[in-house]
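Labels run A, B, C and D following the written order; every chain starts at residue 1.
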Amino acid sequence: MLRVENLFKKWRDFRLESLSFEVEKGEHFMILGPSGSGKTLLLETIAGIHKPESGRILLEGKDITSLPPEKREIAYIPQNYGLFPHLNAFENIIYGLKLRKIPKEEIRRRVDQIAEILEIEHILSRNVKNLSGGEQQRIAIARALVLKPKLILLDEPFSNIDANLKGKLMKEMKKWRKEIRFTAIHVTHSFEEALYLGDRVGIMIGGRIEQTGKISDVFSRPKNDLVAKFLGHENILEGEANGNILEVEGLRIEIPKSAKGRIRVVIPPESILISKEKIVSSARNNFKASVQSFEDLGAIVKLKLSLGGINLSAYLTRASFLDMRLSEGEEVYLSFKTTSVHVFE
Amino acid sequence: MRDYFSIFFAFLGSFLLLYIFIPIVLTISLQILDLNSLTNALRDELVLSSLINSIATSTATMLISIFFGIPLGYLLAKSDFYGKSFVQAIVDLPIVIPHSVVGIMLLLTFSDAILDNYAGIISAMLFVSASFTINSARDGFIGVEEKLEFVARTLGANRLKVFFTISLPLAMHSIITGAIMTWARAMSEVGSILIVAYYPKTAQVLVMDYFNNYGLSSAKPIAVILILICLFIFFILRRVARVKG
Amino acid sequence: MRDYFSIFFAFLGSFLLLYIFIPIVLTISLQILDLNSLTNALRDELVLSSLINSIATSTATMLISIFFGIPLGYLLAKSDFYGKSFVQAIVDLPIVIPHSVVGIMLLLTFSDAILDNYAGIISAMLFVSASFTINSARDGFIGVEEKLEFVARTLGANRLKVFFTISLPLAMHSIITGAIMTWARAMSEVGSILIVAYYPKTAQVLVMDYFNNYGLSSAKPIAVILILICLFIFFILRRVARVKG
Amino acid sequence: MLRVENLFKKWRDFRLESLSFEVEKGEHFMILGPSGSGKTLLLETIAGIHKPESGRILLEGKDITSLPPEKREIAYIPQNYGLFPHLNAFENIIYGLKLRKIPKEEIRRRVDQIAEILEIEHILSRNVKNLSGGEQQRIAIARALVLKPKLILLDEPFSNIDANLKGKLMKEMKKWRKEIRFTAIHVTHSFEEALYLGDRVGIMIGGRIEQTGKISDVFSRPKNDLVAKFLGHENILEGEANGNILEVEGLRIEIPKSAKGRIRVVIPPESILISKEKIVSSARNNFKASVQSFEDLGAIVKLKLSLGGINLSAYLTRASFLDMRLSEGEEVYLSFKTTSVHVFE
């Protein structure tokens, strides 16, 4: 449906680099990436606001790379929704319809239909400046949908939404998306949004789409360590494997399958046990480490541990952190089961 | 300590305040004690025609500055082009040039075409006052969020449509403020008009004429009428500016 | 589409630009073709003394506006007092009052004390130009982070010390910019000076005199000298402004 | 040393309400609270920038409530350090000394001494605008310390510091604090800073100091549910106890000690086990719940569960979250041990 081929573009501090991906019709495609990765620039390039330096954009097989935005039939909803402050909600929604000189009755009919689904009938005559974030979002989506665009680009649609409300609004978006089938590219840095709303996901890092696929696939099988790191996989180690033993900076780690040569593994931080006494257990990997620093995540504390040349992260509840009276430089023992080590392919 | 400091500053600071305020109040007060001469002045045909003349030429100046100043302000706000800071410098230049020199320059440039006619008055006014509209329009357009213009384009508007339906309405407030400033500045100009167009008589020149020919007391009523007009415009200007804030 | 739009706007926008630029360039160019009259003017004692007179009075005006304008600007920036917006309105008022009316008001207020003397020139200049220093000082002081003044006090400075060691140095750049604007505006004034102090002759009034008595070509050399002085000041002003940016 | 008694003050959107606490000589006293709780206003009132509406401030027994800031001998270091941008680092440091007309050699001596301890000798001649956050922090601290103030007020000193550097700088602050013994009040919203640097802590919420004490005490024994909530204790339930059973909205929870009447308990979210099948275990508290929403904390997912009328939070690793294929509205089983229930006193 939409095909982006080998896009290059520099703009201000952002860049797109040999960026390619494809979106299927009717799909809610998530682009997930850290801030600064060029996600907004990508959307604006697809919308036609920026001209790429090279590469092609195809919509339903047609090359639209050099079409101006007003001829692309692609709707763009920026992060702050971009409502026109001098128009009320209704006038915002019909902005595009009026430009197209659609007859009055038809305008009324289309607005009524969308307004009912999005439940915005009661705010149509309101000044958009007085609307809540969630209401603004709906008006912006209605303004886009009444034009029946081929594709909708959503830039961080939930970033202006209060955390308490976000869940409710995501739920509702899922609901009305079922009624109005449309194709969307949805840019976000939130794992929740991706998991909750997305059909497929593209992981965007440093101006490139590093991996695309079904969300659970991408999350559990990151293609490379850039993606793995972004997805929060920590403790990625590289070493020399020989049979079931991986040697990393002098440390001998038992791994669940036999290998040979340089390989990479992940040790999930939540699988690491910490104690102040030497641990006696069935776990085959037991090491001594020192606490480098700690970070509070709210009831959970993340420890950075140093074992000779390598660093590992581990999670701990705040209660046990306080119980153990840990502080920097302290010696601790850590252990993890061989089966919890994930070997990269 | 705290109080002495504030009192000392308030004492020094009030000097300029009173320096501006007292002459205005005094002039108006003196006139209130002498309402006769004010009504006489309002019956003087020369006074009335010069007032109409001033208002008409100031208004024409304002309209010209709006028509040409909006596109220039838009380019200064939205475009990046070679020599932009030079263009901005030229726009700001008129404020530092002596008014009599402005008159000489305009005469050297347009000679008889503007000598002693309406075009001359307007040309002098335009030179000294257009900057206000241009700079306010520029500030207004800078204040228009770029994203809104992007969105409007994805909704189907071409650049001209975006300008008229989004950019211009959103910058309008700032443009109106600038246009009123242009009007007031045009109304206040004397020096260059004296050189370019002594006739047809404007009220601000007539004040000087009456002062030179009949003395201070004859010039006073016209001066007061002009002050009141300008205070009224100034009041409107601040109301407009406050609506936005 | 894209290009037609820009071209159309550039076409309309260039009108005012050229309208300001051409007279300046033309006037200077004509003078370059006639260097003789320029050197003659520079030998004319009346021209020289009037130039010195203009520069001296403008400078005095600037110094007065700095001395009294800084405390007023500080209060407008840092204090909340009853009637503050009224005070701000008075500060902004002079820009809308016709220059000839300014002269009448000043004469009504100070009468013979300012008639045809240096005090008269300066009083006229001060009335029309002090706002620039006051408003720039105000903006400068607004730009000084309150926290810095707090910190200075906890380090042992009383309010006066904080003012001189922290607030004033940090606002200085803005104050200088405003003071230069005041100087330039004082230099540009004609209308009110004509009424209050025709003598001692200032250069900007002499331009008008020569034009009235000997015609355009005699006024031109002095006009060009004044343009060059003002361009130089304007250039410095923009340099100062840029250093900060 | 410093005693604040029953302070009241309103300023802009902030307020202090009947606020009292005491700081001992030589202590690093932390004030920990959420943003908007009036922490900065409190510091500025102690510094003398704001005059309280009522209440007293005593420094070494002397009432300083109405002294101007320049006479209090209390140094204040605001959040962005408040360096004077028109002075270089050295000139900043000697600002207060020059005001006091201290002789040149004495100034030099004091600056040298502080500069050595804080390791800032090499940046003394630098323009403060070009210093890093950590360097600016030290210059500001040096500027305060050369005056030998009785008390130093630090407002979020690490908020402008890069997360990667923060640990290192906290470590160093701990080090030079040992050399230069001074009394400090340190305002922060970071649990790490409090735990790492603080001797005692005051928890500030909504313009009041709700609890003061040693840090581990306050963290493990919050006095009331306001403090408990702020410290990240979730799942605070109130119900009617009868012996070892607490009844909350029809739910019968076994508690570790016998009680009678209305009481409050906490069930730590990390002690709650989640599964999709009914759990067979020794845990006595087993319930069925539905997933309300989830939030990603980076490798850890926080679930909000609804059990009839009450809501509970529980933690899960992202891996098991994906394994279980949980989504909103889904039914799950949860269990927790009786001994993990904490009864409020």
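As a convention for this text, a contact is a pair of C-beta atoms (placed from the backbone, for glycine too) under 8 Å apart; a residue touches a chain by one contact, two chains touch by 3 or more.
Quick caveat: nothing in here was measured; it's all calculated off a predicted structure.
Asks: Any idea how many Å lie between the Cα centroids of chain B and chain C?
Replies: The answer is 16 Å.
Asks: Compute the distance, rounded to whole Å, between the mean C-alpha positions of chain A and chain B.
Replies: Those two chain centres are 54 Å apart.
Asks: Determine the centre-to-centre distance between chain B and chain D, using the mean Cα coordinates as centres, and give it in whole Å.
Replies: Roughly 56 Å, centre to centre.
Asks: What are the residues of chain C that contact at least two other chains?
Replies: 1-2, 158
Asks: Any chance you could list the residues of chain A touching two or more other chains?
Replies: Within chain A, the residues that touch at least two other chains are 68.
Asks: Quick one: do these chains touch in a line, a ring, a star, all-to-all (complete), or other?
Replies: Shape of the chain contacts: a ring, since each chain touches exactly two and the loop closes.
Asks: Identify every two-chain combination in which the chains touch.
Replies: Taking the chains two at a time, the touching pairs are A-B, A-D, B-C, C-D.
Asks: Per the contact definition, I'd like the list of chain C residues that touch chain D in the complex.
Replies: Touch residues, chain C against chain D: 145, 147-148, 150-158, 161, 165-166, 169-170.
Asks: Applying the document's contact rule, which stretches of chain D touch chain C when the two form their complex?
Replies: Per the stated touch rule, the residues are 44, 47-49, 68-70, 72, 74-78, 80, 82, 84-86, 95-96, 99-100, 143-144, 147.
Asks: State the interface residues of chain B toward chain C in the complex, per the touch definition above.
Replies: Counting only chain B, the residues touching chain C are 1-2, 5-6, 8-10, 12-17, 19-24, 26-27, 30, 65, 67-69, 71-75, 79, 87, 89-109, 126-127, 130, 134, 158-160, 163, 181, 184-185, 187-192, 194-195, 203-205, 207-208, 211, 216, 219-220, 223, 226-227, 230-231, 233-234, 237-238.
Asks: Residue numbers of chain D touching chain A in their complex, please.
Replies: Against chain A, chain D makes touches at 167, 171, 190-192, 195-196, 216, 219-220, 232-234, 268-270, 292-300, 304, 315, 317-319, 322, 325, 327-328.
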